[in-house]
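Some structures to go through are shown next.
Both of the next two complexes hold chain A, though its partner changes from chain B to chain C.
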Partner chain A sequence: MLNLVALILLFPLIGSAMNGLFGRRLRKESIGYIACGAIGLSFFISVLVFIGLLLLPPEERIFEKHLFSWIQSGSFNAAVGFQVDPLSSLMILIVTGVGFLIHIYSMGYMHDDKGYHRYFSYLNLFTFSMLLLVLSNNFLLMFVGWEAVGLCSYLLIGFWFEKKSASDAAKKAFVVNRVGDFGFALGIMLIFLTFHSIDFTEVFNAASHGEFAIGNITITLITLLLFMGAAGKSAQIPLYTWLPDAMEGPTPVSALIHAATMVTAGVYMIARCNVLYMLSPFTMTVVASIGATTALFAASIGLMQNDIKRVLAYSTISQLGYMFLACGVGAFTAGIFHLMTHAFFKALLFLGSGSVIHALSGEQDMRKMGGLKNHIPITYKTFLIGTVAIAGIPPFAGFFSKDEILLEAFVRGNVIYWSIGAFAAFLTAFYMFRLLFMTFHGESRVDPHVKEHLHESPRNMTIPLIILAGLSIIGGFWGLPGASALNHFLSPVFGGHGHNEMHGVEAGAHHGIGLPSLMMVVSTLIAIGGIWLAYQMYVKKQELPKKLAERFALPYRILYNKYYVDEIYDAIFVNPVKKISVQLWKKVDAMMIDGSVNGVARFVTGTSNIFRFLQTGYVRNYAFYIVVGCIFILILTTWLNK
Partner chain B sequence: MITLTHYLVLSAILFSIGVVGVLIRRNAIVIFMCIELMLNAVNLSFVAFAHYLHSMEGQMFVFFSMTVAAAEATVGLAIIIAIFRNKETVNVDDMNIMKW
Partner chain C sequence: MNLPILTLITFLPIVGVILILSIDSRHKELIRVTSLLVSIVVFLISLPLYFIFDTNTYDMQFVEKLRWIPSFGISYHLGIDGISLFLVLLTTFITPITILASWHVERNVKEYMIAMLVLETGMVGVFVSLDVFLFYVFWELMLIPMYLIIGIWGGQRRIYAAVKFFIYTMAGSVFMLLAIIGLFFLNYRATGEYTFNLLEFYRMDISYAVQFWLFLAFFMAFAIKVPMFPLHTWLPDAHVEAPTAGSVILAGVLLKMGTYGFVRFCLPLFPEASHAFIPVISWMAIVGIIYGALVAMVQEDLKKLVAYSSVSHLGFVMMGIFAFNIQGIEGGITQMINHGLSTGALFLIVGMLYERRHTRLISDYGGLTKQIPVFATLFMIVTFSSIGLPGLNGFVGEFLILVGMFKSRILYASIATSGIILAAVYMLWMFQRVMFQNITHEENKTLKDVSKRELAVMIPILLVIFWIGIYPNAFLRKMDSSVKHLLEQVERKVLVTPNIQKQDNPDLHDNSIPKIDIVPEKETEW
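The block that comes next holds the complex of A and B.
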């Protein structure tokens, strides 16, 4: 069954090509069926591959399929090959599974769009690229997938490119990602220089066999460069600014690419390279600090946003910060666990918000919502489940994964990581319930004109919501603390530090048996506290937020304006670069380059205007020149020979 | 005694006559004949060298150049006829359109 792995990639690629090439002539139903069928088949094969992997004994659960040799130059050898192991099999299940649901949802959501076939072609292409990223068995092929998802993200953010803001957001996402990718590319080159190979197995084997001391400078540099790539793709400080703007794309795209799958690529990459990262304590500290800072920073911005999708975008950044925090303290399993549960509930929340936007004919401002819960009951119920899951209330999925991250941060990291994480969790619970209350509860602030058309979404949109809600409820049980099936499943990949995992648990035991349970109680209380505060402010005393905003005008303004980071970046990077570019264009390009090219042409024209009089048209004259030339050469040679 | 120098001087004189003829005559056919004269002046020096150096190579070259000259005469005459049909003249002063 494992041999089928290439088919997982093939179906989305075929689907993308069919819709891209012939979509214009196909009927809408066929376009949707082709796209969903491709992903559905891909999901089916992924399940088969997953089962095939489970049938193997745990220590043999790594399968490599070499397709062909791609680039061969000297000792450099890049293959096109796929690696199936617990980590990548989990990722393909998430990508194809969540992707399949979002494809179905899109059939309803995008139904009236004139770019229907283009949309599905991009979406399939994205799935293909993401699968390539997670299945590749070497760094270069992974980089290809990495860049391809970036491209698809660009295409889909700018899907409604007639809108200036959408095409600007697409450009921003592409350019900011380029900064990270630059680091990633350098990291790959350094890996090749150090290990003389870019194959995962060879590199990680060499790294784990003690050739490099812990804290080795080269390894530190490599991991930092790779992390730069991860920070760009996974929207961490300082490269997170593109993700909120990416909400200009269609909502299912935000759900699939900018919440559930692509943005987790950075976490996946770090988890994949865990052997390298474990060799560099310094990088681990950087990863954990940036993760924790991002979690808090983005959560605080999320408090004041009024656009329903932007709140979710900042919450995504914040949750990604958690995953990096987990990886940074060495708890890769916890990071991947949160990646998985996050994929479920964040896809659910985005699709739910899409359903709200659909019901309100395109309105995204939460100040113009409210009281929707009776109008769109299915959306409300599923959205509630997603919100509770992300807020971290047991027994929903988000609780277990977030709790595990906080526990690991406390045990392996330090109290600071834990307190930042816990405070961010409080903020998360608060702003998510603020969103829920503002959207679904209270009095309706909906435009009366819009209110007439208020309707629940069609079945192909609500069914994915229900399935995702189910996953958000049960998804956490795979990683129950103490008896974590996920931990056991992933241990071959993170096996190099199985010892370390033990250490974590032992240390926990050392602090007293009650520590994990105590942590659970604390994080539940934190979440309930956040929810209570949101309830007080946005349901009971609705004048309170306004009063607070007036009272704390300065902090409010700073948060509302997202710490002015975009403005600062504009001032420091964007505008100087623009100015320099204008200068380069006007001075160097227009004056020097064009000037010299035109100058050469003018010189040739000018001189030939003089010399063209030699061209009389009489053959006799030409013959005469030849004779004169011959005589001249004769005289010259005789004179030189003397 | 006729030495190599005599032959070479004769050859040079014939060649120069040919060159001057090409440059100053107006009739295309005469110019053409002058070119033949130049060719044959060179042939003469070839043969002279071959004789005095006791080598057959010079004579071989002459055969080649005579062959080429025959071919060239055919083509050249054909061109002149074509021009005459077109312009009704073989005066080279009337042929000055080879310019921009």
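The block that comes next holds the complex of A and C.
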């Protein structure tokens, strides 16, 4: 079984290498088949591994395979080794499964791009890196995957590098992620210093065996540093700004990397380190607060965006916030559950938006859409399912996972978390239906030229949409409240804590049997409220948004400009650093340091020039100096003898 | 080991020089091929060093010892250990590459190639000498060809740069010479014997006050060579004016002589003084890391950018060495090799651009990826190697250094780690402006992609970049014995000498921090 795991990683790597090295000489079909075939095989093996795991009794569902020692120096030892357990097996299933669908979709979407082989090479490399991230059995190898997905993200955001905006966005994504990685790297070092190991098993064993009291300051520091990395990769406040810009990449990339898989790596990391996080209530509070704040903050920005992909990007940030909220209150299962359902419906929404963009020959501005539902019916229907799922209407996938997070936030956290989450859910329902109405309903605002070419996407694009729509409908049943198969499956990883049957529902029972059911009703009502409002504003009284914008000009402008965060960051960090650097170069380096170096040189030449005049070459001058010298010495000695 | 491998690789280039002298200077191609072949043969002869090298001993290996000037106890004494092994290999590896990269040099080819080969002898000699006098001879010897390479085949301000380079280095060397003579007499007073044998010097017990001054003298020579902030301003000038091969060798090997000197001389000879200097050197290194990165960021000239990035990278190396533990020093040595490869490769890349467009200004480029995709791929790999992406070489050294420093001084390591953010900023910004976006200059629309010769120059480096990144243990294991021995040497001396404050010592040794919870223990360090 473990040897199979190596194959999961190997196929995408080979696919990437083949397309990267020889893609230029291959036909487009071959390129696509190689890439999809590689991921397809990986997916197939992942399913086998998953089934193999299910067949075992729960306590035996963990395997480790040590391949070789990677960096070893003194007692520092980082291995290349893999770990298969319920959590990682679930992750590889999502990564290869959703990844496979997106690869197929890409064959259609990218068909006319001249960088076709480059695209698939990167996409396979990304899948490899992401699998490495989730399969590694130690922190440093995880960090390798972590950075490698960052690299692929960089390459794919900047895929159309001729565009300045795209290459800017790629750079921004990498650099902002590096800020997070700075924390992650320090976290790993502190882990090594504290535990003398960076292996998951050893670290978590040591941590869970009571060597550290709850609230231990070192553990708090470690978890905060790791969370810094997570906040970078998963686009949480204050490091979220790269994700909206990342939409410069091709849309399937946004679906795969910036919605379904890579951005959830932070959630995965925290869930993986749940043992450590449970030891630090302070960090947990930080995680939950940042998660909740981000959920609300990003949702509010999503209200006013007009670019279809940007709305989805802010929505992703907001949904990731929910996942962190769940982790922060200790409901790791709920976080992972939402990660999974989100992978389905957000991938669906992105691919759907890609299909819209494809139909409109590249148009992304929703103000130039409208009334598309009859032109691209499959896209519309699947998109509708995705929208309903994210809005949280039962029995779609998003409902169960979001509802569970809200319930947990209420039971384990407090009313504030719950109300923030609930309000963000209301906003989510609103902006998603706003998007749906603006795009597919109402009058067509499509440019007449574009309108002539309106067409439904080819089959290799619509079939992934249909499959994902199916998953968005049924994906939630795996985590039905009270009878959650997912809870049961993940319990070996999350032990006593991420288990809501033990804490959540029990505590729920304490509040009265009806709490979970009551919560469900409330959640549903909130979602319906959001949808109703969107319907009022964007279908019935379409003049309303404009009026409101005029009435509340200031809040509108702030939201429309995304709270000016990018501008603030530029003013506080980017520009001062540039200015200081120029000063350092021109003033400190050139004038002060080099100036003094050259000053010494000038001084030496200058004084030598003076003394040079003494060396005239005339004997009479030298004789004169001798006489003067003698007299001087005579005077000096007589004066001294006195 | 009867074959004198070290002598062979040190002096075979001189044989090559004699060969070239016998060729008429009009036969340029023949001269090029001859020097390339000679340098490849040197590399091939040096390869067995890696395979035969005995990892179980810290003793010097492949030792050759002949009397040279017996009246002063000067001998021809060569040998390598796990520390110098890779620097020797790096030198023999880089030299043929730079010769191949200098194919386009048309002016005074004969003299050029002679200078390159003499340079190789000097560089290898520095790394293999165990007699301090011999070391000094090689140290000065290698200055001359480098001075000529910059001064004759350099750019517009070549004379200024060459003189600056020469005088700067000489100024440092003078202090070192004084210190060497000092060591000689100190040893004479202690043992009654005249010798310049470094291994004998290691046995001396020098009082702290004397150590302090001798350390300072060596420090001047090495810190200039590294170069450490604020002694670095010769470097950008030398790099900018030097021809491509000169820059590559300068970055690849010459800068390593400084850091090597610290490991070979300062640490084992003056352990207490080295300890006392930890804060000073660490802060210089930290400032160098951040300052170098910031200044690199705003450079308009590609070569200057890479030169300032060297200041930043070498700051990491110094930091690792002065972490005084196994991760730090092994990381430092690894990073010396890495910097040689990555920065060397960057200079080669810039050189290729320069050959095509005769400009080094970033603003003269832009959008090249479209025109020269293979070049773009090479460039990108090298860029990410320099940024320290895991899986490539740079990460291994950087991370070990930081782990090492983190173990001894958390605050220093934390500040230095921010350098990884800045590295991404200046490298990616540069890459974006050169390679991405649309082509804005007409001249760039006709650029030719890499030639076979250029591929032959880059591929070997890239292979090693991946090799170190994926399997660094192949390198680290060879260092273990020597580095451990070095640390023992240092630790022993520091422990027996009373005049050093113990609490100022971070853990010298790998196993000397048994505490689990480090925070209370380390509070003073924050």
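The working rule: the second predicted complex is superposed on the first by the 577 of 642 C-alpha atoms of A that agree within 3 Å, B and C clash if a C-alpha of one lies under 4 Å from a C-alpha of the other, contacts with A are read in each partner's own complex, and residues count from 1 in each chain.
The working rule: contacts are C-beta pairs under 8 Å (C-beta built on N, C-alpha and C of every residue); 3 or more make two chains touch, one makes a residue touch a chain.
Fair warning: this is a prediction, and the values are worked out from it, not measured in the lab.
By the touch criterion stated above, A:179 is placed in contact with chain C alone, chain B being left untouched. Annotation for chain A, partner touching more residues between chain B and chain C: C. In the superposed model, A:522 lies in contact with neither chain B nor chain C. Within the superposed three-chain model, A:617 lies in touch with chain B and out of touch with chain C [touch as defined at top]. The contact sets of chain A with chain B and with chain C never meet.
Put simply, chain A touches chain B in their complex at residues 612, 615-620, 623-624, 627. Per the touch definition, chain B reaches chain A in the complex via residues 19, 22-23, 31, 92-93, 95-100.
Put simply, chain A touches chain C in their complex at residues 68-76, 140, 143-144, 147-148, 151, 154, 158, 161-164, 167-168, 170-171, 174-175, 178-179, 181-182, 185-186, 189-190, 192-195, 211-212, 216-218, 221, 577-578, 580-582, 584-585, 588-589, 593-594, 597, 601. Considering their complex, residues 164, 167-168, 230, 232-234, 291, 294-295, 297-299, 325-327, 330-331, 367, 369-370, 384, 389-391, 395-396, 399-400, 402-403, 406-407, 413-414, 417-418, 420-421, 424-425, 428-429, 432, 435-438, 470-473, 476-477, 510-511, 513, 516-519 of chain C touch chain A.
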